[in-house]
Amino acid sequence: MKLTPKQATLLVLAALIALTPFFFPSGYYYRVGALIFVNGLAVTGIVILTGYAGQVSLGHAGFAGIGAYACALAPVHLGLHPALAAVLGAILSGCMAWLVGRPILRLKGYYLAVATLGFGILVSMVLNNERWLTRGPDGIDVPDLGLRGLLKGWGLDLSNGEFWYFFSGLCLLVGAWLALNLYDSPTGRALRALHGSEIAARVVGVDVARAKLQAFVISAVYASFSGSLLALQNKFVTPDVAGFMHSIEMVTMAVLGGVGSVLGAIFGAGILTLLPQALTVFAEYEQLLLGLVMMLVMIFLREGLLPSILRKIRGTGE
Amino acid sequence: MSALLSIEGLGITFGGLKAVHDVGFSVREGEIVSVIGPNGAGKTTLFNMISGVYQPGAGRVSLSGEDVTGMRPDLLARRGLSRTFQNLQIFQSMTVLENAIAGYHLRESGSVLADLLGLPASRRRALTAREGARALLARVGLDRAAEREAGNLCYGALKRLEIARALALNPKVLLLDEPAAGCNAVETEEIDHLIAEVAASGVAILLVEHDMKMVMRISNHIVVLDHGEKIAEGDPATVSRDPAVIAAYLGTEADHADG
Amino acid sequence: MSELLQFLLSGVTVGAVYALVALGFTIIFNASDVVNFAQGEFVMLGGMTTVFAHAAGLPLPLAALVAILATAAIGVALNKLAIEPARGAPVVSLIIITIGASIFIRGAAQLVFDKQIHKLPAFSGDDPIVLLGATILPQSLWVICGALVVFAGLWFFFTRTLLGRAVLATSNNRLAAQLVGINTNFVMTLSFALSAGIGALAGVLVTPITLTSYDVGLGLALKGFAGAMLGGMGNPKGALAGGFLLGLLEALTAGYLSSQYKDAAAFVVILAVLFFMPQGLFGRKSTDRV
Amino acid sequence: MMKLTKTTTALATLALLGLAGPALAEIRIGATLSATGPASFLGDPEAKTLEMLVEEVNAAGGINGEQVELVLYDDGGDPNKARTFATRLVEDDEVSAIIGGTTTGTTMSIIAVAEDAEIPFISLAGAVDIIDPVKPYTFKTPHTDRMACQKIFEDMQKRGFSKIGMISGTDGFGASMQAQCKSVAGEYAIEIVADETYDPKDADMTAQLTKIKGAEGIQAVLNPGFGQGPSIVTRNYKQLAIGLPLYQSHGVASDGFIDLAGADAAEGVRLPGTALLIAGILPDSDPQKPVVTAYKTAFETRTGTPVGTFGGYAHDAFLILKDAITRAGSTEPAAIRDAIEATSGLVGTTGTYTMSPENHLGLDLSAFRMLEIKGGTWSMAE
């Protein structure tokens, strides 16, 4: 049977999510896995924005912040169920992206980078400063999603770690599926076209401003859900989730793994999530090594880790 | 027959330099009009103004009678204007087929949500575009290369791919910027036929080309530019005898020798 | 009245710091179209190296010289080892490379130096100069003069010297520059050395005011970057004006509106400026070539 | 399909690389601290203190004759990482107790994990929320920021101040203390007539201080914050010749502060500190004298950097744990927890701890000492 690239990607992902737990020596690995999936979700959004449409954002953590704080605040102040709060956060992020994106996306390259960076910093500043609402830099509690209890009622008793592992994994699968649908769809093609040549895309009738805005909004929604998932899993959130470093982390994960493909970017999320855990032995050298890895991969494996590895495998296979 | 594309008094300045000044002509349905002139005469600039890439500083462009001066390229595309580029503008990382499909953007695009969810409506639209694109590729002789990455194709093939992409829009007016550049004699002839065929189907064609033989062969009407101004126009025979045209061309030859 | 003057003096002090960092960005950007996110690390290296060389017994001016030269050497190494091999990579990749470099240098600094906060003595004492009821520290004058001198030097370099024009030519069109006989590799090396040296100089000048530690780079880089963008990337005039403007904006917002949102105000203004002038205040206008 | 399987195995192997299981030890204590990142100024001495103390204890034969192994992680001040490391300590390293949470944010992340797993956890962060309401397994060693505010306001009240200005850092430490101070000011009949903030990375605070200086009837100024911010505030304070008494927080209670701000500018600054800073001038009768002198000497010899309050918090946390494990005679988390709760009269660097089921801090205001900087060194203000 011949699989389309989309089916192959989803199959690999699903197999990884389902099978790796058999190798887990302790419950802690579920936590790491869940984090990879949460990051993977955000990074899938970056693939749509940067990989498909070729736009750079250094402020996407701002949307993760909106998603995360929606889950903390909406249940308390609006009485929403946490799951609905996440949806509200996504809608809010989408609207915010739409509003901010209109003026910002006219900018190119570094100017776009600094404008998005400014947006991210603004969000994290609001989260830090508006203590009456967000309780400031010390962070705020997030209510329980309640799904785990529900599953238990149905006879599926998962530990907290296991639940979040599989739930985040499922969310990632859905996110990847949507992104892959988009890739080969008219909208996806328009995004990739404007990435290739903005002027040619215009000439074939692509409303470039609108297409960029679509990519920006979609990726913002991804980031928002990722933030929500993180907040719900940790049951606690601080403004760090919206911080500059988190934005950088998202972009780095995507580009390092290979921003051209969903699987590559998720692979990058995996590597960068695991790296600090693996480097604890060299805690002193962690920063040094992280910086080194970032530079080396970008210099020598420009398309990102996964595409380069796959090429190697194919190369030797033939 | 009425003019599909007509321009009047079009001009633009770059840093105080008049790149194009007071140029006007029109192209009717099924007609092939060529714009010729020495290098730097302002042909591509003229194309860029007509297709909305540059904002004209003066003058007026109308499409089927509607004033479209300085309108965004994508809106012009909606109104049936399509073009190719002198310096190729290919979507490098896409396959040849995808490049051609991109030309169907206006006809295949629908709701983003449907695309995200992979709804049948979205897939149906994409499929129709794919079939159309395949047929077009066959028409320009690129059907064998359909699945190759466009960046790997040779120059002449890319030129043809751009034409296919431009045709995919099903345009009323088609602007071709040096379609035969980099093509060998056989390929040039094929492009000749293609252009004539397209014109015969009622499309108004505006052509910039350096291959004078080709221009003389297929044009109904020729506009000559030099230093951004129109120095002559008329049918091929008239223009080729025009002393101003000959002087302009000889003059540039001399400039080339100096530089 | 003296209140306003004090806000302005505060703004000029901070603005001079930003301007110095922004000027460092300018050179590398001019030569290579790369925005070097590790520029803040150069500033940190300048300050920290001076602190440690001074503590090791070198007199302050000599320690500063050592710091500037050492940082310039690191700048050259950054170019040779990380930027040159990645030529032609997309903007995102370059951003990640320079951010990687900044993390790397920060990580190395915390090992080579330490994680403590350090200070340097002010060059001309700590007695404030009183001006119509407002005060300014002599060190602030050093920083302001430093920014102006560096600006003047760069302006002279880029407009009046052959080498400076070669740098600009390289940025405009690398191939053409090579064709007219410019050694573009040398130009790049020179730009990184200059940029790093100016960053280090900034570190030496500002440390007596701001103190320094291994992790001051990122904050400074962000502000300097914002200042450079505000003024228009690649233009020394823009960097100077953008840096000072940013500092003044912050001080005036802190003084008259809310100190909580002074950084926010600065970024809002930047967004607004970019909205109306996508190339910044003094940036070059560019048109798409087809 | 073959290729897919290959990739899958490769990925799975990668995923497990470097995440090896723990080595065996008799008593395993976990810690996740912010040794790098924005709070490294606090976390770094904490980490060094713990490493030093564990070595000392092991050299002296361990606790109850068993060696202690310290599993130490650096969370970089990121609460999300802190939670991951806490999970790792609990699930993978199977530690008996956790010390850590340099900041309130990281502490809050760890609490959920420790409480779920029922592992005793001693935090080194300031916020009162950590132990109020009391959670069964969570303790802390530092004074709360509310207590710091109370101590300062007590002193202000004694000196007859009723209108003060505040300038706070926007980091977690500064913002939390700012909020606490504003909420208890009323109890001391103190009105906050100017309330300004600065970013921890700011280079100049004269704008904010000028505004404070101009506030009607202002009598003193308080600066909650840590890192270089308070040093710059103190210098700018002198530059502007504000002339009013300046209070700093316990966030800068270290000799490093006097050095960075300059003895001249810091002259007359008051702050609530611990016995650690005045080890030299403590009367011999003071019960804390031997403890603080021993820690100060050991730490400064080992690291070459001056001791600060924060390293002291880690010292006390380890002390409490050691004391509890000794009394419990067991490494069972529940037994340790019970023993910690029964801590009584334990003299640490910060104060004398007496815990109870209702009090998981065990310090009172008396442990805070109002210090004043005179002639470039610490002295008692009372």
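Chains: A, B, C and D, in written order; residue numbering restarts at 1 for each.
What we mean here is this: contacts are C-beta pairs under 8 Å (C-beta built on N, C-alpha and C of every residue); 3 or more make two chains touch, one makes a residue touch a chain.
Since the structure is predicted, the reported quantities are computational estimates derived from the model, not experimental observations.
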Determine the chain that sits nearest the middle of the structure, using the mean of its CA atoms as its centre.
A
On a CA-centroid basis, which chain has its centre farthest from chain C's?
B
Suppose each chain is reduced to the average of its Cα coordinates; what separation in Å results between chain B and chain D?
70
How many angstrom lie between the CA centroids of chain C and chain D, rounded to a whole number?
35
Using mean CA coordinates as chain centres, what's the gap between chain A and chain B in Å?
41
Averaging over Cα atoms per chain, report the distance between chain A and chain D in Å.
34
Per-residue multi-chain contacts in chain D, two or more chains:
35-36, 170, 197
So chain B residues touching two or more other chains come to 53, 85, 89
Residue numbers in chain A touching 2 or more other chains?
129, 199, 286-287
Given the complex with chain D, which residues does chain A contribute to the contact?
8, 11-12, 15-16, 19-20, 23, 25-29, 31-33, 35, 128-129, 131, 136-139, 141, 160-161, 230, 234-238, 240-241, 267, 270-271, 274, 276-281, 283, 286-287, 309-310, 313-314, 317
Which residues of chain D touch chain A in the complex?
3-4, 6-8, 10-12, 14-19, 21, 35-36, 72-74, 77-81, 83-85, 87-88, 90-92, 103-105, 108-109, 112, 116, 127, 129, 170-172, 175-176, 179, 197
In their shared complex, at which residues does chain C touch chain A?
35, 82, 85-86, 89-93, 95-97, 99-108, 110-111, 218, 222, 225-226, 229, 233, 260-261, 263-264, 267-268, 270-271, 274-275, 278-280, 288, 290
Considering only the defined contacts, which chain C positions touch chain D in the complex?
3, 6-7, 9-11, 13-14, 17, 110, 114-119, 126, 128, 135, 137, 206, 209-211, 213, 215-216, 219-220, 250-252, 254-255, 259-260, 262-263
Which residues of chain D touch chain C in their complex?
35-38, 40-41, 44, 170, 196-199, 201-204, 206-208, 210-211, 214, 227-228, 231-232, 235, 238-241, 256, 259-260, 262, 264-265, 305
